[in-house]
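Scrolling down, you'll hit the structures one after another.
Below, chain A partners chain B and then partners chain C, in two separate complexes.
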Partner chain A sequence: MSQQLDLFFKPRSVAIIGASSVRHKAGNDVIRNILANDYSGEIYPVNPKGGEIMGKKVYPAISDLPHGIDLAVIILPAKLNPQAVRDCAAKGIKTMVIAAGGFSEVDKEGELLQAELERAVRETGVRALGPNTSGHVSTPCNFTSSFFPVGRIPRGHISYIAQTGNFATHTMRYISTFENFGVARVVGLGNKIDIDESDVLEYYSSDPETEAIFVYLESLKSPRRFIEIARETTRHKPIIMLKGGATASGSRAAGAHTAALASDDRIIEGALKKAGIVRIYKYSHLILAAKGLSAMPLPRGNRISFLAPSGAMLVTMSDMCQKFWNLEVPTLEEKSRRRLQEISPSYIRMRNPVDIWPSAMVHGMDFAYQEGMEAVLADSNIDAVVSILLINDETGVPDLQRIVDVARKYPQKPVYVAFSAEKKHMEPAKEFLETRGVPTFPLIEDPFEVLSILVQCRKYMDRH
Partner chain B sequence: MTKKIDEIINNARRQNRKILSEYESAGLMTSVGISMAKGILAQNLTDVQKAAKEIGYPVVLKVCSPEVSHKTEKGLVAVNLPNEADLEVAFQKISEASPDKTGGFLVQEMVKGERELVLGMIRDPQFGPCVMFGLGGIFTEIMGDVTFRPAPLSETDAREMIGEIKGGKILDAVRGMPAVDIDSLIQCLLAVSRIGLECEEIQAIDVNPLVVQGSRPVGVDALVLLR
Partner chain C sequence: MSQQLDLFFKPRSVAIIGASSVRHKAGNDVIRNILANDYSGEIYPVNPKGGEIMGKKVYPAISDLPHGIDLAVIILPAKLNPQAVRDCAAKGIKTMVIAAGGFSEVDKEGELLQAELERAVRETGVRALGPNTSGHVSTPCNFTSSFFPVGRIPRGHISYIAQTGNFATHTMRYISTFENFGVARVVGLGNKIDIDESDVLEYYSSDPETEAIFVYLESLKSPRRFIEIARETTRHKPIIMLKGGATASGSRAAGAHTAALASDDRIIEGALKKAGIVRIYKYSHLILAAKGLSAMPLPRGNRISFLAPSGAMLVTMSDMCQKFWNLEVPTLEEKSRRRLQEISPSYIRMRNPVDIWPSAMVHGMDFAYQEGMEAVLADSNIDAVVSILLINDETGVPDLQRIVDVARKYPQKPVYVAFSAEKKHMEPAKEFLETRGVPTFPLIEDPFEVLSILVQCRKYMDRH
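This part shows the complex of A and B:
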């Protein structure tokens, strides 16, 4: 299995069936994407018109292709796909990405067509992704089969499995243009006639390029297998999952209490816990938690400290830590507390969480944030630190290099940043900090929510 | 699985039933190692009285028929009967009220405990046999404080399930009651997990309530549905 999927993720050559010379057509964008990512393998465009596309010789028919191509990306109208699969198989191509929609997701006719496509895949013994998929991404191989203009996709160690077209398309575009982390592999599953979430998870599980796995699923094709693979995987790699789709309440075998209470959602909940998969509920966490994990290690535990320039933030975030996030805001060691007291005016009694405003008023922003963060990071009661930076023209932007330096001094402990005050300083600060390994988050709750997710990942890893 | 389970299931199949009686269901649970309230099946008043003597007062008297559900609501259960006279009165009342007496009457040990749990199994179309654990008795449906896991359960899975119900504090030493024997509880969950895996003919199981007597969980009522 793993070897077969290697052809998807490490193709040495690719045929584009339905290549197009017309700008903004899917069969054109796919080649543009492959080139934008500096793919070094051979590209074989196929189109009955022949000629050249972006300097590549176009083959008029699949039958004209040379033997031994690793992967075919088929971008043809739905009804042409079953034959294209057979033709590619006849040329010795063993793996394919089938992009077209118009199958079981639309109507009865589409269902029949999908059955025909499934037959073609089964009878030829090829491995197929899709149909109705936006493709996949494999940055270690500089490759993508996405037909959405994604541009160059940054390389990293996060991998996605998504039962939606948007990950290998506009979400990739968002990550590559707005965030400062990269991905290893991304797969849009489509209608899953052959390759399903369990196959991909199994590949990611032993993939050295993948350090954490994010999953968006609406249905499971082989639920028990998925849970079994995940249970093994979560011993060494975090899996974080958003389950989409309405949850029907169970009335499967009325008469028994157990049956009446067995809603799909409760059963999924139990299955994910068994597998050690951390369940999330917010779409944005698929990106924000990936950012946190990319830049910093998993927290060792749930004991956090945070610094904020506002009493209200200190109080409300502390409340939320306890009530919703399963994060502890413990008492500091005496030496750290004393250090905080030293850098603050004597009228305020310093403790965890840290009110950084009085110190900043006396000693300035740079000193206050650096010393405050250092004090809590050095504390052995603390597993992670959130710093809410006050940035604006009048009080200034705290010296960001100092924040980077202090975070680097404690590489075992995640340091996350959020902002308050003036918008115009936030984007440059985000850019500065993130490109130097300190992740920032748009809303002040976000870093805490991400820590809460990652603490759960750590718990699952430790339980084995 | 065991010979006893096969016997119970085969007997129900011969009678073309998909629902096991309470007596059969309890027997099935006992055979896999779950403690159930002691019970004796009787067909008439004389036998009922004999059974009560054997079990020892106070006792519970219930009609025992796979056809009759919601026994409490229909007045087909009398609990905490202290002596023979009260037992006879209860017997007459229940006999009159019951739509079906062919299954006989179940005389049962009166299990005392304020804490009621529920234990169950359901064969899910996606995940296969899943074990359920939660708050039982009258709170089962009202609170819906239950949690599921696909079988097979490891001891860690069972422990996590027990730890994650919202009302989990009632398992601690509270209001003068001792803490629940968690290891016994784990064994109950594991037993249900095993039945789910090994007995494919069973569609669903309820042990409700699973009463905490002192610190030990004891099943007081059980229901087994066949596929």
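This part shows the complex of A and C:
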């Protein structure tokens, strides 16, 4: 099984069935994407017109292709797909990506066509992704089968399974332009006539490139198998899942685009827990939690410290830690407390969380944040630290390299940053910190929400 | 009462007791702030050294001031404040802002000093804000008593009451640089020896410049009075409140900076509900909900529609609407459904929420978003609309003016925007839309969270 998907994630050669020389056509964009990612394998475009596309010789028919190609990406009108699958199989191609929509997600006729396609796949014994998929991404192999113009996708150790076209397309585009983390593999499952979430999860489970798995699913094709694989996987890798269609409203909306069945959400809830899968609800957390995990380790526990330049932030975040996030804001060791007190005016009794303002008033931003962060990071009662940075021209711009340095000194503890800043400083600070391994978050609550998710991952992992 | 606070919010003249000619000193920054906001009243700096500060004649002592000044901003070391209050009162000054910290928030000695200050205020009959306050803002009068360099503060119709120095300072700086909405009044309450949350709320309640009131409090000085005024106020103006110290953790953190008492949170919960005050928990919502309210009316009810370029977004947001946000995503009127269907391929059955992608594929982004938004805005089943805009070079940049135009056509319904965009387009799109009255939000969940808050405001208002 895993070996078959190796052809899929590490193809040494790929045929593009339905290649096009016309820019912005899917059959053209897919080649452009592959080249943009510096794929080093062979590319075999197929189009009855022949000629050349982007310097590659075009084969008029599948039957003209050489034997032994690893993967076919089929970008043809729905009706032509069953035959294309058979033709590719006849050429010894064992794995395929079937991009076209127009199957069971559309109407009765589409359902019949999908049954025919399924038959072609089963009878030829090939492994197929789709139909109705936006493709997949495999950065260690510099490859993507996405026909949406995604550009170069940065490499990392997060892998996604998504039952939606959006992930391998717009969301990847958002991640690769807005965020500073990379991915290992991304699979858009589509209609799942063959390869399903369990197959992909199994591959990710033993994939050395994948350190954490994020899943968006609207339905499970083989729930029992998925849960079983997940239970094994979460011993060593976190799985974080957003289940679409958790409510009647969501199921209705799901009906509109994938014909997924509404399942009993409580059964799912129980099964996920048993499997050690951390359930999330926000779409944005598919991105923010991945970002948190990319640069930093899982927190060892839920005991956090945070630094803020405002009493109100200290108070309200403490409230939310207890009330919503299951994060503890414990008492510091006396030595840490004293260290904080040393840099602060005597009128304020320093504690956890850390009011950084008085210290900054006395010693300046640079020193206050550096010393304050180090004091709590060195504390054995603390598993993770959130630093809310005050940055503006008037109070000063803290030396961000110092933040990076102190975070690096404690590589076993996550350090996350949010801002209380003037606009012009936020974007450059985000860029500076993230490209040096310190993740930042848009609103001050976001790093806490992410920690809350990751603490659960750790808890499930420790349970085994 | 209200009249007395008129001097405070509309001072025709102000004395700065402890004015300084040294840049970055509080006694200097306060004057700089006042000038930066184009205050047109008289400014009377007081400093024993005399001379001039920023072109203003300096009076060596309070006793040298002319009679009849409306407001004194006292920026002196803690110990000098009681006498300064008496001296100002002797000159006929009836309202004061007492900036200094070093009172009950610090130690026993500070408590004694605060008692002395309180006596001075009571015996002279003046109205005083503070001590330990970061000042107040009154944009209709172009005035601020903040000694933190806030720059020019944009005018609007949101007013804040905050028991924290942060609001009139860093958070105002964040709002005025990052967000595109303005405020009417902001008060940092400080230690509340005289003017408290109830006094300010009463003023805001009948203040024609204030259309919505946001409150951050850690403790209530006169809970019964506050709740009574609030109950009257929420008949015509929403009050949204973040109560710091809702948990033991939060109370401990509050102890660190304002000596507020932990109150029984359930009693507060009940009292707020009775008063029609909408309770929030996220600090960020003090800003985002204000932004939502600034540009758009309150939604008439909780029935929303939203448009997104991704099935997964449609599904997960629908789930959250039902599960967490108390927002309904109702069936559209048949005429609206047909209108959506007309612009979409026949294979997809259009409904609420609106999958805008197929239509955009056929008709382009501009038309799809414009027509899609108009279809749901015209629907009498819909109270508010969230549009998640897909913006990138490959799929195209929708004509944002059309979004503005369609929103303006339905001024009784809030239209909020979030993005699924390439990085480079997000900031310019935010700027374009917000400066034309359409608020945007950082993550796709944020506009829904804000709507959820505002729907509650409406519900409380309708209850009366």
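Here is the rule we use: the second predicted complex is superposed on the first by the 446 of 464 C-alpha atoms of A that agree within 3 Å, B and C clash if a C-alpha of one lies under 4 Å from a C-alpha of the other, contacts with A are read in each partner's own complex, and residues count from 1 in each chain.
In the analysis below, a residue touches a chain if its C-beta (ideal position, glycine included) is under 8 Å from a C-beta of that chain, and two chains touch if they have at least 3 such contacts.
Just so we're clear, the structure is a prediction, and the values are computed from it rather than from any experiment.
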item	value
Partner chain in contact with A:242 - chain B first, chain C second, else both or neither	second
Which of chain B and chain C A:421 touches, first, second, both or neither	second
Which of chain B and chain C A:271 touches, first, second, both or neither	first
Chain A: partner with more touched residues, chain B or chain C	C
First, second, both or neither for A:310, with chain B first and chain C second	second
First (chain B), second (chain C), both or neither touched by A:49	neither
Overlapping contact positions on chain A, where the chain C interface meets the chain B interface	250, 252-253, 256-258
Residue ranges of chain C in contact with chain A within the complex	101-102, 105-107, 110, 148-149, 162-167, 170-171, 173-174, 177-178, 216, 218, 242, 244-254, 256-258, 281-284, 309-324, 329, 347-351, 353, 355, 390, 392, 394-395, 420-424, 426-427, 442-446
Complex contact set, residues of chain A against chain B	220, 223-224, 227, 250, 252-253, 255-262, 264, 266-267, 269-271, 273-274, 463
Chain B to chain A touching residues, read off their complex	19, 69, 118, 120-122, 124-128, 130, 132, 134, 140-141, 144, 146-150, 156-157, 160-161, 164, 203-206, 208, 223, 225
